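Worksheet: one structure, shown below.
Letters A, B, C, D and E mark the chains as written, and numbering starts fresh at 1 in each.
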Amino acid sequence: MDLGQAISQKKAAILGKWFRLIMDTYPLDASGFLGREKDRFANPVGYTISREIEVLYDELLQDMDSEKLAASLDSIIRIRSVQDYPPSEAVSFVFLLKKAIREELGDDISDNQAYADLLAFEARIDKLALLALDIYTKCREKIHQIRLNEVKTETERAFRLLEITRRMHDVPDAEEHPGDGENLSP
Amino acid sequence: METNRRVFLKVAGLATLGFMVTKPALDVFARGQFGEASVGEALDPPHEVGTTTKWGMAVNLTACSEKDGCTACTDACHDYHNVPDIDNKEEEIKWIWTAPYEKVFPEHGNEFIEDDLRGSEVMVLCNHCEHPPCIKVCPTRATWKREDGIVMMDFHRCIGCRYCMAGCPYGARSFNWKDPRPFIKETNPDFPTRTRGVVEKCNFCAKRLSKGLQPACVEACPEKALTFGNLLDDHSELREILATHTIVRRLPELGTEPNVYYYKAD
Amino acid sequence: MPEEKLKPEEILDISYTPPQKDWIKPDVKFKKGSFGYAAQGKHLKYLDLPNPRDWRPQEDDWQLPEDWENIIVKGIKERLGKNRAFQLFLDVCVRCGACADKCHFFIGSGDPKNMPVMRTELLRSVYRKNFTMAGKILGKLAGARDLSVDVIKEWYYYFYQCTECRRCSVFCPYGIDTCEITMMGRELLSLIGINANWVTEPVANCFRTGNHLGVPPHAFKTSIDSALEDIEDVTGIKVDAPINKKGAEILFITPSADYFALPHWYTLMGYLMLFHEIGLDYTWSAYASEGGNFGFFQSAEMAKRLNAKIYAEAKRLGVKWILGGECGHMWRVIHQYMDTYNGPADFMEEPVSPITGTKFENARSTKMVHICEFTADLIHNNKLKLDPSRNDKWRLTFHDSCNTSRGMGLLEEPRYVINNTCNNFFEMPDNTIRERTFCCGSGAGLGSDENMEMRLRGGFPRANAVRYVHEEHGVNLLSCICAIDRATLPPLLEYWVPEVQVSGVHELVGNALVMKGEKERTTDLRGEPLNGKEGQEDV
Amino acid sequence: MYDAGKIISGIIIFFILVSFPIWISAASGTIGDVPELNLPADEEQCVEDAEWMRANHMDLLIDWRETVVREGVRVYTASDGKEYNMSLTDTCLDCHSPKAEFCDQCHDYVAAVPNCWSCHVDPGGS
Amino acid sequence: MNALYAFFAVALLMLVAFFGVWGLGWNTLFAVMIPYAALAIFIIGLIYRVVKWARAPVPFHIPTTCGQQKSLPWIKSDRIESPSSTMGVVARMAMEILLFRSLFRNDKVQLEDKKRVTFQGNRVLWLGGLVFHWSLLIILFRHSRLFMQPVPDFMIFVRDIDGILQGLIPAVFITDIAILMALTYLFLRRVVFPQVRYISLPSDYFALFLLLGVVILGVLVKTAWKVDIEGVKVLAMGMFTFNPVVPEGIGPAFYIHIFLASVLLAYFPFSKLMHGPGIFLSPTRNLINNSRAVRHINPWDYPVKVHTYEEWEDEFREAIRGVGLPLEKE
């Protein structure tokens, strides 16, 4: 049996393995919940990951449509980039697929041809990982931008307030009291 | 030797609890010089039971029909077994009863041959079939076939589902819709009554057989029309009758193979 | 963010199974993006709070007072005696875990200490050690632990990772409300000078100027006036907004963000237009210019101090009753606390709608009515002319705010208003709305920008449900009745579902309201063209 | 808000519930009564050791029932070698009739209601 | 680990009773004195704890509302989940206490994306909890026959219903099986589910093992190692008259059973088992959602420092005047 066939035939097993490996990157105590609870609203994290890795898997086997790949990667990485992960761990889930395949297909990778096929497939996974890094960076940039926006609106608001205040005379000193020109938005 | 049932109880009890208790420990808890292990030891080999026995009955249609309206066998049986007398077709209980010949043998359409029997009442009871349909449907195994051929009822186990009544093609089973005790004129303390929600029927007087007595109906018949005996005994009177007469059984086409036989006297 | 590139083998060289740690040993790292800055000394000083100083949570030395242990233990003891809920909730939890996966922070982060039961256990373990026999004797075996600086740090980290949303309390078989525990935890921390700046600074502002934003009276007036100008631009009608008017029938109180921030602003316009249209005899107050109450996120005492001005102002102005704007925790305080804090409000009258004559019997003691109750009553009595098609560009859903749904039970009124002012309304899935609604992830003083990652994490369950209705029904607007929601849901959705915007319910009312003598509207309150009216736009 | 009244009544209700057995027993005046068994005068030894029978007679009877009804075996050999007819009415009640003076004593006392008597007939009864 | 500590603790207790009775023959201690003491600790301890809770007031009115409030007459309010009357609260508490309403709420049955209906996991906890507690109650009911003379008919009725399977399997009660299954489930979920394992303390396991021990021994003395039930009742009734007679010839299993039960009773007031009485006092469940209609009094309320209007006006007088707003003092 050629490896491509094996990979598509054992899809369910490999995906299951991949999902469990990803869940293991969460604190041990949470993975039970994330992996078990199936409701997409009660457990959005587990649901999103299990749904999107299936799309990724299918694309890896077919034509690697980069838009579809990006969309699926985005759904997962968007979550992981706000969770407590350093960049390496946030995108490491892609590489876990290699581990899942090698563990599930152990016996099928017997001859040289199969091994060459495997390496070719893994090259695709590496591409995916690079894409993932791009997306991760974009997500982080987005977070910074949102933060900046928020600071900016606050500053704008503060300036507006200052402006109004300056128009008046005899207003209390801005330095000594709370509430003048340095507001935070509740 | 412990009885199977007791072993079962103990094992089941412990297994459900997930305990592995060794015998010595058990004995400490069981306490007493009197281990349960010794209860019921050295049982005698079973009396009267075994593959050498198969009970059957032959009914002499001619003799019986001569006394139409006679209820000796039914009375004897019902008195002995504390069968209540409920005067209501829907709720009545019967072990032995009578039915018109045409109803008992509906497939017999031979003119002339049976002319003498037409219109007469035939005594009927549980046929203790070779292949009883009633026992297959019982969910609690409350009714089963003994090795000696008797189709027995264990009233203790009966849960009143009445599947057996639906299964019996002869209508030999009755259901206690209400407490039977008020309807028993005189209670025979030798035999238990039944309680509401239990099915009952003829048991070939299993208790009397164990004492070496003939069934009550056989004993009571003034015409000696009933012959009871061991079908596996080549020399029994019963076998003799079967060998020398034309025999009919009820609804043979059903393949139940009744052990109650009917014949016409010579 | 570290920008260094990792080699593939380095990426692969990761231990995926974290060590199984016992929670009992405190262990907390203050990572950028997941905690709020500490309150500055000057604010503490202004509010007469203990141990004023400037300090940073990520530094080792938190500059606690000498006898801080005593203060905490005494603080716990005092609160045990003063609050049955606190004592009961510490005693009766059986750790069944029903609450565990109900917390949006746990769902979004997987951090086990974000399970409500664990959040409480952080405090409960200290309670055991100091107040129960088993804890004193058996120690760790009984789940007890010593008070240490690390425990305090853990408290700060996790008690400011709880939005006091009460979702766990809905599912707890004993009704244990982690909000109560978090409130006690924060009070205790405050005793030794540990406060979050995003709580304390607004509190100090509010104490001084009357509102969290620190808007002084003249700025307040200017702000309201510019809303009136905006309304004239849209409708051609000059609307009046009386401020500090004595003898008015009704005092209107709303959170300060409504008259200073976006998208709150459009909701403010909605209020003003509505009041004008029905000719309400009401007044704003520049002194009680805040409905929200960040004091509630610090301590009961602080909540009471800030809340006092509402009744004081109602009394001074001689109003008959008070009307309250759209806000979440403001209504928790008004509904469940205000009368207790600062009542009885016997100088006012039982609220009666001057337009419909409806008696608001449910507010007969507190004398304060929710704007949604008020508007729903108007609509029900056909007092408003509404054109829902003006909201046709919106396909909207409604986000129940935690406090109004679980601390008040205001569920149908806003829906009634929405259904009468909009044509395209879609509910989010059942287990994410009404009493089971998910928090925005930024309530209770967590909405600071430095805490952004934590907010995005905590708000994910909510955003996920929004994304669902966005994908299923093309929803493009999330409507809500909470000022914190309106402030923090836009960045949340910008990250998770950028296609969906946020509004207040009365913005929709303002859009749909057909006013007497208005010019033909070409834009909505946001100044964006109305559906199909693009061509006629001339300004 | 203490709700003292409600809590005190709650405690009282709890106390009444917990002590309910005492009141009901005291009210009936039978609190100290113990069963009195009418033991057969002419028989020294039950089928098995009396102490064992106290705890296990139900097992024995069920065992008899199964053996007789299902296996058709009617003779029981006791541990001392004596043989008995396995019959509730014939053997047990032979000594222990009427049941009211024996069986019912303890059964009523501990409210254990066997269903033997809904079918089996006590010859000494009524 | 935590489970092991608890297991050894319960095992130790069993050994103590076993050697106390079998080795040392201290039957009276285990059959009479310890139960007396345990009962006393239970009643006094429980009242002490409840009184301790009761001495702390409920300063604020904080029901968790799980449904529509009562506001406008034409809006249908949820009278139970957001109670507007005492009856509503009684109904809410009854549903909570008798049916575990909140646990049942857990999640709805839902149509998943793959169009199959899923029965959400945590209802199992509700079922396990409910089966356990109801079985325990019925078992206590059944035991009451040992403490009453005469035994009321409804107690016998409950027992008959519970024993309905006995027609087929003697000496087995439905609740015996049910409680064993429920306790096993409650234990297993603490071991199997990582997040529940994380939150579980030795005391959580201890309570479970103790209950399991009591139940298992209880089933054993009824099936495998039968005891003279009449003797037990004579003992129990004797305790009421302070004249207990320890029956002869009862095996250690019975003593272990009552010893563990005694430990459970004595442990009750000092443990999380107080959730039973506690639920009645829970302010998020037992208050009417009427806090805007009826004023709730905080008994320890005290005056606080506020920023008065006068102080405010003094501070901002010029600004107020500047925009033409009215002033109290010009």
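Definition applied: contacts are C-beta pairs under 8 Å (C-beta built on N, C-alpha and C of every residue); 3 or more make two chains touch, one makes a residue touch a chain.
Computed from a predicted model, the values in this text were never measured in an experiment.
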item	value
Both-way neighbours, i.e. chains that touch chain E and touch chain A	C
Identity of the chain that, by mean CA position, is farthest from chain C	B
Taking each chain's C-alpha mean as its centre, the one farthest from chain A	B
Central chain (by mean CA position)	E
Pair of chains with maximal C-beta contact number	C-E
Between chain D and chain B, distance of the C-alpha-averaged centres to the nearest whole Å	32
Chain A-chain D separation of Cα centroids, rounded to whole Å	71
Interchain centroid distance [CA atoms averaged], chain B/chain C, Å	81
Of all residues in chain E, the ones touching two or more other chains	54-55, 57-59, 61, 107, 110, 170-171, 193, 195, 198, 249, 281, 296-298, 315-316, 319, 322
Two or more partner chains touched - positions in chain D	51, 56, 59, 62
Interface hub residues of chain B, defined as touching at least two other chains	9, 32, 156
Complex interface listing, chain C residues touching chain E	23, 48, 80-88, 91-98, 100-101, 112, 115, 117-118, 121, 132-134, 141-143, 166, 169-177, 180, 207-210, 216-218, 221-222, 243-246, 286-287, 300-301, 304-305, 308-309, 312-313, 316, 334-337, 339-341, 343-344, 358, 360-366, 368, 373, 376-377, 380, 405-413, 416, 429-431, 434-436
Of chain C, residues touching chain A in the complex	1-2, 6, 8, 10-12, 14, 16-18, 20, 31, 33-34, 42-43, 46, 100-101, 106-112, 197-198, 201-202, 204-205, 207-209, 212-216, 218-219, 222-223, 255-257, 260-262, 292, 294, 429, 431-432, 447-450, 452-453, 456-457, 460-461, 464-465, 468, 483-484, 487, 491, 494-496
Contact footprint of chain C on chain A as seen in their complex	21, 24-31, 33-34, 37, 39-45, 48, 78-79, 82-84, 86-89, 91-92, 95-96, 126, 129, 140, 142-143, 146-147, 149-151, 153-154, 157, 161, 164-165, 168, 171, 177-186
Complex contacts: residues of chain E adjacent to chain D	43, 46-47, 50-51, 54-55, 57-59, 61, 144-152, 155-156, 159-160, 170-171, 226-231, 233-234, 237, 240-241, 243, 248-249, 277, 280-281, 296-299
Touching residues on chain D, where the partner in the complex is chain B	48-49, 51-52, 56, 59-60, 62-63, 65-67, 69-79, 81, 83, 89-90, 115, 118-123
